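Shared chain: chain A. Partners: chain B in the first complex, chain C in the second.
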Partner chain A sequence: MNSSAEAATAIGAPRLGRRIALLQNRVLGVAAFLVLLVVFFSLLDPRFASLANADTIALNGSVLVIVACGEAIVVLTRNYDLSVGSIVALASYVGLDVVRLHPGIGPSLALVPVLIGGACGMVNGALVAYANVPSVIATLGTMSIFRGLAYLYAGGNQINVKDLPPWVVDIASSHLFGLSGLVVTAFLVVVLIGLGLRYLRTGRQIYAIGSNPAAVPFYGLRGPGIIFRAYVLTGLLTGLAAFLFGVRAGYIVPYLAQGLELTALAAVVVGGVSVLGGSGNVVGAAIGALALATINNGLILLGASDFTRQFIEGAAIVVAVIVDAIIQARLRELLRTLRRRRAS
Partner chain B sequence: MTRLLYRFGWEVLLVVLILVAGTVASLLSPYYLSVGQIGYSLQQSVAVVGTVAAGLVPVILVGEIDISQAAILALGNILFAQCSSMGLPLAVAIPGTLLLCAGLGALNGILVTAFALPSLAVTLGTMEAYRAFALLIGGHGEYASFGAAYLWLGSAMIGKVLPASLVLVVVIFAALTFTMHRTLFGRLVYATGSGVKATAMSGVRVNRVKIITFAIAGVMAGLGSLVYIGQYESARADNASDILLLVVTVVVLGGIDIFGGRGNVPGVLLALVLIGTARNGMGLANTPGPVQTLVIGTVLVVSVLLPQLLRLGRAFARQRRFVQPLQPIISESGRTR
Partner chain C sequence: MGEPPAPNPRLLLEGISKSFDGIRALEDVGFAVQPGSIHALLGENGAGKSTLVKIITGIQPADAGNIILDGEACRFPSPMEARAQGVVAVYQDPKLFPHLDVAENIFMGIQPTSPLGLVDRRRMYRRARELLRTLDVDIDPTTLVAGLSPGEVQFVEFTRAMTEGMARLLILDEPTAALTPLETERLFGVVRRLQARGTSIIFISHRLEELSGLVDTVTVLRDGRHVATLPAAGLDEAAVVRMMVGRAAGATSGRRRQRGAERLRVERLALAGVFEEISFAVHAGEILGVGGLVGAGRTEIAQTIFGVTPPTGGKLFVNGREIRVRTAHQMLSLGIAYLPEDRDGEGLIPPLSVLRNLELPSLRRLAHAGIMQSAAEHRFASATVADLQIRSASVDLPAAALSGGNRQKVVLGKWLGIHPSILILDEPTHGIDVGAKAQVHEIIEHLAGDGLAILMISSDLPELLRLSDRILVVADGRVGGLFDRADATQEAILTAASTRRRSRAA
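So, the complex of A and B:
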């Protein structure tokens, strides 16, 4: 990713190289945005800058971080997944119902919602990768299908977390090194997926297909297989988020997590993942999710109305997308200069 | 004959499906088969959707998408409600609101074209922003008292059986068919949707064509809000938040190619009737709402899947006859949506 920057340094254009590296590393910008937000809200309201409030933000944000991570993987392949909110509803309802019916089996049943999420991801992946259905249409359809299935399965009932075996509640309230188990899980997911995307073969292939889908077959790679795997991975992560979401919500109904897909997409876009695919990473998406959680929390503390929150979220998406387009154009220009200098 | 069937095969299929759906509905319920019932239920289920979908057709034909239409409709509702509570005559309210809605649509188009951005991401952002404006102006309350003139379009019955809003939908589609299939602008929309680069190189200002299609989407959403108000006598900032699935399904089921540049406008009207008949039948059979949504979602996926599979099948048949060179798997423009 930084090879062009290194090449620039090698041919004796370190300043050019530094500028390219800076533009390519968008996580810095997103992190700066988050810091600015924190400073801004702390100045406005002293209650904001407390450890307890930081804990609240992290706890509220952790589920969104995991979903945004999954969404980021699909966006990196130049596709979208609008069905993650419905997957959360289906996986948490059916998954936790299985847990409720079999209290004796124990924590290994936490895999059930994850696998349900994976199965949903396979449906999305098959439609987009092998049947060539545009991702927006395919996942708009499956969004209503998965939610409808959750309703059909639930049949008007709801699951109360207090009816679930005690290990479920233990997971929700567990702590490691003073941090909530949810926060630790989200952190681990970001680190593992981030490293995987950077160093594993599938990870590199995901970036490759997002950067230039037309070139992928010429490298001997199978494009559909890569996109399919990306969707399955997103489904598995969403299933994990579904388990945590359900446990944290206290009661599970089929209309859980409506509109989550939009917030997740917003987090991904604000986190510097290019909507044209192939650039950005999950650390950025995670910081984007935390930024949205911070805005939400800060505005509630300030007593701002719904419309402010919604407007800021919408404006953040538009601005992030435009900034991304400008950065891409600037990068192209710098790389062209670099190539010209190397040639001469 | 075969050539006609080849060209209008999809439309013929839709007509057959409408007849099947109608037959099934009349078998399910003895109340189905009456002109009044069909007219009323079609108005309830498709008048708003049809108006909005007509606006989405040019956008999809040009190869883009607009998911902010429902938010524009909600904002239009709030504006009409404000006009009504101020006692403004319709002659002022309609042009004012429609102009504003057109402006919001055009803003989408400008953002998409000026920075060469994917329209889904842009309209996702503007969708939230527009709805936020609706909340800002309208608050969380509900307007429910409108002047009689405001309600006419969405609730009047012509000759006691034919809802005025259905007539409006038919008129809109007639106008759209003429515009898309018989005017210069329509041909430019198709050309832009089939190949942006080639069209731009032949001297067409493709960005302007795109912006106009987005503005049309905005106007139609605004018109949809007038129908909405008459039908439900209610204006809230969160109106019509679940309309997107239906609108996209109707357009795609109508045979408009989701990649742009292909499809006949009258097919969308047929798809509208089909979806309306199916919803009517499901309603008479007491199918719960989420299950109806499930069915619509399945219809959406299948209606895109079917032509794609046919295309793949044809490509496969060709491949067996000739040895094919390396084939790029993603669509040639390289942009998946």
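So, the complex of A and C:
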């Protein structure tokens, strides 16, 4: 007989409940993974464990944290958004070009890339929620469409951040309580989205539709509306990330943020958001993003090539999904034991 | 229709009719449900019970007829409006969110909020606790729904029905199919408490027996028509079955088959965490029925034998030879075919034509040097269609265009094309109409007569008793009993189905 099944039958109910809760909430596991990474790279390279390097990781990680939060929202609804990299390119190029052409208006123009991101999100949302296009296909299409639009708009040009009004660079290099404005922004995004998912009805509905889409109409909820809102929110967050990404890049070109969708998805999955929807949270996704930024930084310090980093990022996704599958199977087994016990 | 409605029925249905693609599902159905009554709605699969519920709760509109609730005509555009008027249905397959906890499920979409529009979680859990207590249900609102027993899941649905005050009408669609007797008892207790508070309850079932002592009125539907609405007192099962079936029931075929050599034997077969210690044998020309509660592990056993989920323990013999089960492909080549319960999802490819579906497992045989031979394909398909009396205008029609019974025959024909020696049927007549059901029964008996070994899972007790030579009962992932046709009764099977594991490590 299988020993784990017997073990599951043998443990007491409160412990069973605790184990289930532990497997459900994966934030602790992801955080432990991050700590392990830090220890690992510190041992390999003394330069890693410096304050300056921590700052670099935080800065590089911040943009990814914001995009990963957005991606997590869509993944919670049991969908994907593969267009976030292209949204970053389109929103930052067009948005910052508008800023360049209207230097007199001031910081309120920072909203332009955010709104462009939101518009892209509406397109994705409309395709997935109302035209019933499977999300992978729909956003694979818009990934090309948004990227193509960015190239068309740019027409071979690029934007130098130095040509933008000074407030742009001021925002990007601002500090609050000794922390970079970028880091503070990412932190606020995680807190606000995290609270919103927990305390807004829409937030709970996002979890509900990912958990069991078929049940949603029986609750009088409009499933397409929930999915549409999720995509728009993802678009807005990606637009915000686009502004920060562009400013930090220095030069804004249409091939900006190529492959970011995969990194964002990796962060979400590493962060314990189930690819099957309904479980996980943005705190996990954010820590997942930091873990990927840490790996990236560590590999650069160790002198790994671009290709190696790409390889490792791909492997991270695959391993994370396998770990997720193992945890889900274990969880199902424990839940089955619990159900049986409750029936008798 | 017929009997005059009482002065103020809770629900009055008049002349409800509904067709799907020209096929009558309901025709001129009318009856009344009194306030505070527990009303049984009985009928065979396909009699129109579920369609009627969908019409009452606004999931589907009726083609004609009136729904009158406490004297007021109403036609709900969606279940939400029905719920707002206190009309709630609880379905056989629960519509809950497994990743979320009990309180979240109870209040999804109607969460109490603070003035800022934020979900007031503390109030939500407090209210959930109160509601569960009014129903005298002992569930912690922070429990994950995925960890609830089938009965508890239904209680969560009931509780949800109570969030906006007492429901006026609660409809339960075959709620006991997956419940142990203990849970059924708890369910009846909760139903009685609701009744005491003035809720009318419609209890859908295909057996009156299980509802004896609970219901006060019985309505029987047959083939989409209203047969009768009668007081439950004095009604016996036989009379109800006669009304449901339209003929005397219990006519076993009586035809005795010759039991041949052993085809399939399993010894202490186990799948970790799902079932264990399963031992039985099936012989050529024999129908071994497999009974038990929904969720007892019967489908899992069948799928393990078929190689979909290879076993983690025990032995399996085909024609006396021990086999290490690895894949379904391997088991097929050994002559085992499996007809899944979900025939549209797993049994056939609905948009493909009848011919394309039929030939799928036999492609190699119908090809010459790898190229399909159109003449052979058509010969094969036409022969199968004729053999099984599949009613389809042409073999080129998509399988989706056929009725449930005919789709099931296509699935059968598909597997018969490879000439299996062991056939595993999972709920072969679930959800198909009465006429087609009799035909499927005839085909199954005919196949056994031709020497096939048949393993038939069924939750339909009369079907199990009518067709099986022996009946294996599975309870909680173990063998609960094995009966010869002569000793098998509904009571014996039900009792065996509800045995629990005696010793469980504390």
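By our rule, the second predicted complex is superposed on the first by the 329 of 344 C-alpha atoms of A that agree within 3 Å, B and C clash if a C-alpha of one lies under 4 Å from a C-alpha of the other, contacts with A are read in each partner's own complex, and residues count from 1 in each chain.
As a working rule, a residue touches a chain if its C-beta (ideal position, glycine included) is under 8 Å from a C-beta of that chain, and two chains touch if they have at least 3 such contacts.
Small disclaimer: the values here were computed from a predicted structure and weren't measured.
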item: Chain B versus chain C as contact partner of A:62, first or second or both or neither; value: neither
item: Chain B versus chain C as contact partner of A:124, first or second or both or neither; value: neither
item: Which superposed partner A:275 touches (first chain B, second chain C, both, neither); value: first
item: Touched partner set for A:214, first chain B, second chain C, both or neither; value: both
item: Chain touching more of chain A, residue-wise (chain B, chain C); value: B
item: First, second, both or neither for A:92, with chain B first and chain C second; value: neither
item: Which superposed partner A:317 touches (first chain B, second chain C, both, neither); value: first
item: Contacts of A:238 with chain B and chain C, given as first, second, both or neither; value: neither
item: Residues on chain A lying within both footprints (that of chain B and that of chain C); value: 212, 214, 217-218
item: Footprint of chain A on chain B - complex, ascending; value: 65, 111, 115-118, 120-122, 124-133, 135-136, 140, 237, 244-245, 248, 252, 258-259, 288, 290-291, 293-298, 300-301, 304-305, 308-309, 311-312, 326-330, 332, 334-337
item: Chain A to chain B touching residues, read off their complex; value: 78-80, 127-128, 131-138, 140-145, 147-149, 151-152, 212-214, 216-218, 222-224, 254, 262, 265-266, 269, 275-276, 305-308, 310-311, 313-318, 321-322, 325-326
item: Residue ranges of chain A touching chain C (in the complex, touch as defined); value: 1-2, 4-6, 8-10, 12, 17, 20, 24, 198-201, 203-205, 207-208, 210-212, 214-215, 217-221, 278-279, 333, 335-340, 342-344
item: Interface residues, chain C side, partner chain A - complex; value: 78-81, 83, 91, 95-100, 104, 108-109, 111, 113, 117-119, 121, 143-144, 146-152, 179-180, 182-183, 270, 272-274, 276, 312-313, 476, 500, 504-506
